[in-house]
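Reading through the structure tokens given below for one structure.
Labels for the chains are A, B, C and D, by order of writing; each one numbers its residues from 1.
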Amino acid sequence: MTTKAYNLPESLDEALGMLAQYGSNLLVMAGGTLAMPLITKGVSQPERVMGLRRAGLSYVRETGGSVAIGAATPLTQVVNYKGLPLLPQAAHNIGGWAIRNMGTVGGNLFAPPPAGDLVVALLALDASVKLANARRQRVVPLAGFFSGFMANVLEPDELVVEVQVPRPQGDTALLKLGRLHTDTPTVVGVATRIVWEGRKVKEARVALNGVGPYPMRARKAEAMLVGTALDEAAIAAAAAAAAGECEPFSDPIASEWYRRKMTGVIVSRALAQVAA
Amino acid sequence: MASKIVTFVLNGRETEVMVKPLTTMQVVLRDKLGYNATKVGCKEGACGTCTILVDGEPMLSCLLPAEDVEGRQVTTLEGLTPVDGLHPLQQAFFDNYATQCGYCTPGMIMVAKALLDHNPSPTREEIVDALSGNLCRCTGYEPIIRAVEVVAEGQDSRRPAMAERRRDKEIVR
Amino acid sequence: MAKMRGVGMSSVNYPTGMNLGGDPTQALLHMTTTGSFVITLASSDLGQGLKTVLAQIGAEALGVPFENVIIDTGDTDTGPHCMGTFASRTTHRAGNAIIMAAAEAKKTMLEVAADELEASPDDLETDGKGNIRVKGSPDRSINLVPMALAAHFKYGKTIGGRGIYFKPNTGVDPETGKMDPDSTEAHACVVAEVEVDTETGVVEVLSIKSAYEIGRQVNPALVEGQIRGGSVMGMGHALYESTNPYYPSPDHAPGGFFEYILPGPADIPEMEMVVLEYPSGNGPYGVKGFGEMTANAPIPAIVNAINNALGTEIAEHPVTPEKILRALEAKASRN
Amino acid sequence: MSEQNLDVVGQSVKRRDGIGHVTGKTVFVDDLRFPDMLYLKMVRSPYHHARIKGIDFSAAEKVPGFVRAFTYKDVPKNIYTILCLIGVGPDEEPVLAEQEVLYKGEQIAAIVAETEEAAMEAVAKTRVDFEELPAVFDVEEALKPGAPILKPWGTNYFVYEGHDCRRIRYGDIEAGFAQADYIVEGRYQPGPVEHAPLETTACIAKPEADGRITVYTNTQALYFTMDNTALILQVPFNKLHFVGGTVGGAFGGKVDVIVEPIATLAAMRTGRPVKYQFTREEEFHVSSTRTAWRIYFRDGVSKDGHIVARQVTSYADSGAYNRHTPYAVTKHAANISGPYTIPNVHVDVHCVYTNRQPSSAMRGFGVTSASFSTELQMDKIARTIGMDPWEIRLINAYRNGDIRPYQKVVEDATLVEAIKGAAKLVGHELPKWAQAMNSWDRGAATPVTVEG
């Protein structure tokens, strides 16, 4: 079955109207980097597709306390936006240049693991996601957005409109272990942010990618870090906790065994980078 | 099914095509318009050989629905080639043996063109980074990187091509 | 975290041509009245530069400018039989066939020129610039085009030639394995230096330095291209590539470039190379086939370098980071 | 050969096809389009090993644009083996599977349709009834009693003139081991690899007015592919006309004869041009790979570093069918001693069938695995006896006039020179005796000038 219609709404309202009309019968596509190969191969055969390139969702807006990034903002724009830590590097970790010109911030929320190189950084920055349908908007924490492998809290008539990132406090680090230097799938990605109170850790974020059904926070590791001086022992304990709580898988890139082991190593290195 | 007319500027010329929904630019360029320089390597955005420029930005034509380029400037390798002779990048690829089978070449040159338009004097690292989404199975990349370096401003274009740079060529009969 | 460095080497041979022979290739050559020499073949250029090097061999054999030689290949209605482009055979096989065809064409060419210049064919030579001249009397010469026109319109002669390279098919003695599996042998010695992160198992190939002995370089730039490309392919095999990453298990077979890991431009090591030429007895101008072997020698050199760095006994490829960690664990449990 | 003055040979002239490549004007098979062209897609096995109980095209036939389906019954000589042209047999691979599939992705039925999309949809709607059978993936498991038997002749190995393997027998292996001071054993396992040229395997078969078929193809071997196609289709060789010669990378991946016979058959039966091109996924999952091997070494080595005996048992993982692997086995057997002179050699190389996609030719064919294992083994020997890896290779390096284990006198050997060249390149200082070595004179005290 070939796709009967491809619509490119010119505004968010128009997009939400279409979504209201067609609901789950409408495939939403931003950059096309995930959906187009599946459509070309016939794996996905959507009757209707809505593209977001013209819906006015490509922006980076600085507000008082946070930065709002439109869902259809190309990753290249994130690479070039220096107002937030972690994100330029995280966006650059995705694909090659052309892919980053096409792939979007919102799209990365729907990328199957071990993709999700941007999301892991957003998690460490406590980002939220603005969802909207034709009637209302809601904002959910990114950490609560995912509900399982390729599953999330989005309702059939809802659209991811933007990602909101609060101006972050603390020190951050992002490390990606891939098999190559660039344009490489992730073995494990770690983003971390440490907020200090004096010399002690007041708040810790340890986010993992590539070692679970979706990018996730290592909450046990985070909890263990609070109150420590982020010394070697604390880092080792948190790294071990993260390795324990991740839910890795095997794929052509790496085995579950290796991913779990590397979760400990890379978390440890990321935290050591912050400590230094 | 609702075919649409899409209008865009292809290599400087106003172009109009009738497409079915989600027809990729790869199909439009090759099968509808006969612009064969844009190659097909994977149809999933993983090899880079189908790279074209849309408003000067590299994009993968296998992932790009034609409807998305409505009103925009599209450049393919055909658009780079002057009537008489070669674009400096083409010349540099030719002179530096940066092609073997030639199948990745169009994508490599298009990315290099965009890079030099954005940044006329890139470092080697910036060149490598720009080319990172493009695979080549024949050359081992060095001649391609070298070809871009030759054209980049601020590089010593008199540095000889790779064959003459051989460190130590010893001929014993 | 420890980063360990190691150096490894390999020294290899590679046989030219199909095992056991029986893989002939023909060439047809004719000169047109435009001054072109058309060499007609049915060989495939895979990107290695066959169309270029065979034109060079043809030009050399005829003693005419490279530009005057046209390679017309890839059509079974016009091109005579070629076994195919594989087994590092085609420059050797087709090159020899072209030399044979060129000799026949050149003989007629010199006869016609001799008549035109009122000289003996034995006293003539080609100058490589498009003329045939009397040895020692450079002013007595004739350009190729008037010579070709004279051959056609005045003497009714065709300038052409046929060539074949044929190594008869010989069998294998099933009891002892006695056989003749090569036409000549090319050689290489490759030295790789690596750095291994012992915590992640990630290997960085710092350099690949190669010495190749390939008989004769027809085109040094294309030779260098093979060595560079083959080295990166070999590195890919050594560290990343497998259609069954958990071999012999068929699970998790990669289905595309997103999953099958190929080195990119950011992953290439520093490279240096030296090319030696000891002409072979039976190759065209001493050529040996070497296209394939450039991907062979780097693989063991890299794996030997890894074992050298770590004191491990890794004996398979690809050497994934996981295999390195498991080898380090095995080593630790031995000690 | 005396030194020649060469004018053109030895010059780095620019590539003949270079301008075409940099302008994108080089014409590859995928760049050809013909009016009325049909697209061929393949119904494939989802199982590694299964019995086919039935095929139902009824839903596929209803797909708009469906033109025709082909099964093995349509192929005149369905069972073939590509190396029959050089006398390798027996025929054992079906063009389209008959009662059984031996690997995941095996071709079962071809569908041609007006568009690629319609062909894909019709393939998806073809129902095949399978009974899954036990599969074997390990070369040594495949040779054990009780393994599922994949071949009609009742074994999982290729038969070499009555033997279960290709053999090399040279010298006296037991006497050799008796002289040894050390025994060095090794197990090596080079893995399966995809060729991964940027251009996938493709052809277009086009019927001509005179009744012949022109096949545009990116094969590495035009006549070889054409002759196999004619034999499979049982048509005179001269009914076919193959055009190619310009290939977007191959590396051995384009010498199997897979797309041409079935596309040509479809063109003959429909009277229209038919294009069959592998997707990238088919290149990875279905097309043949570099052969995986398991290789066992047992070397006897003297204190002074001479390898006095070598016993090797190798297993080539041919996958489900022969393709070129039986021939690679012979090449492997010849080269498993490496470029070294070893007086006593005993080699058994087995060509083993498993339920994996077939393996076949790839750059280095049979020798890559030999070089890999030999060179790792050389380092292992060096470690075992405490010798420098450069020296162990030079001590054993073959020289001109030596005898190979396959009983051929060595000519054109230059291993010593290559090693010395590399040593000089990397600044590794070789001992005096090594510096004095050459490939021509075993007694040389000083390097000699080579008069070729």
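Criterion: a residue touches a chain if its C-beta (ideal position, glycine included) is under 8 Å from a C-beta of that chain, and two chains touch if they have at least 3 such contacts.
Here the structure is a predicted model, which means the values were calculated and not measured.
A.B. asks: So which chains are sitting against chain A and chain C at once?
C.D. replies: Common neighbours, chain A/chain C: B, D.
A.B. asks: Which pair, A-D or B-C, has more C-beta contacts?
C.D. replies: B-C
A.B. asks: Need the most distant chain from chain C, centre defined as the mean of C-alpha atoms.
C.D. replies: A
A.B. asks: Just the number, please: Cα centre separation of chain A and chain D in whole Å.
C.D. replies: Taking the average C-alpha coordinate of chain A and of chain D, the gap between them is 43 Å.
A.B. asks: Could you please state the distance in Å, as a whole number, between where the Cα atoms of chain A are centred and where those of chain B are centred?
C.D. replies: Here chain A and chain B have centroids separated by 30 Å.
A.B. asks: Between chain B and chain D, what is the separation of their C-alpha centroids in Å?
C.D. replies: 32
A.B. asks: What parts of chain C, by residue number, touch at least two of the other chains?
C.D. replies: In chain C, residues 46-47, 49, 220-222, 230, 233, 253-254, 256-258, 260, 262-264, 266, 272-274, 276, 278-279 touch at least two other chains, as defined above.
A.B. asks: Pull out every residue in chain B that's touching 2 or more other chains.
C.D. replies: 42-44, 46-47, 97, 99-103, 128-129, 131-132, 134-138, 163, 167-168, 170, 172-173
A.B. asks: At which residue positions does chain D touch at least two other chains?
C.D. replies: Expected reply: 1, 12, 14-15, 17, 196, 247-249, 251, 279-281, 417, 421, 424-425, 450, 452.
A.B. asks: Chain adjacency by touch: line, ring, star, complete or other shape?
C.D. replies: Topology of the interface graph: complete, with all chain pairs in contact.
A.B. asks: Touching residues of chain C toward chain D in the complex: what are they?
C.D. replies: The contact residues of chain C facing chain D are 8-15, 19-20, 22, 42-47, 49, 51-52, 55-57, 59-60, 63, 66, 71, 73-77, 79, 81-87, 128, 169, 172, 174-182, 184-185, 187-191, 209-213, 215-222, 230, 233, 237, 241-244, 247-250, 253-257, 260, 262, 272-274, 276, 278-281, 285-286, 288, 291-293, 295-297, 299-301, 303-304, 307-308, 313, 315-318.
A.B. asks: Residue numbers of chain D touching chain B in their complex, please.
C.D. replies: For chain D paired with chain B, touching residues are 1, 3, 12, 14-15, 17-28, 30-31, 33, 195-200, 247-249, 251, 279-280, 417, 421, 424-425, 450-452.
A.B. asks: Quick check: in the complex, which residue numbers of chain C touch chain B?
C.D. replies: Touch residues, chain C against chain B: 46-49, 220-222, 224-225, 228-233, 256-258, 262-266, 268, 271-279.
A.B. asks: Mind listing the chain B positions that touch chain C in their complex?
C.D. replies: Residue list for chain B touching chain C: 42, 44, 46-47, 97, 99-103, 128-129, 131-132, 134-145, 161-163, 166-173.
A.B. asks: Provide the residue numbers of chain D that touch chain A in the complex, in ascending order.
C.D. replies: Contacts found on chain D: 117, 120-121, 124, 279, 281.
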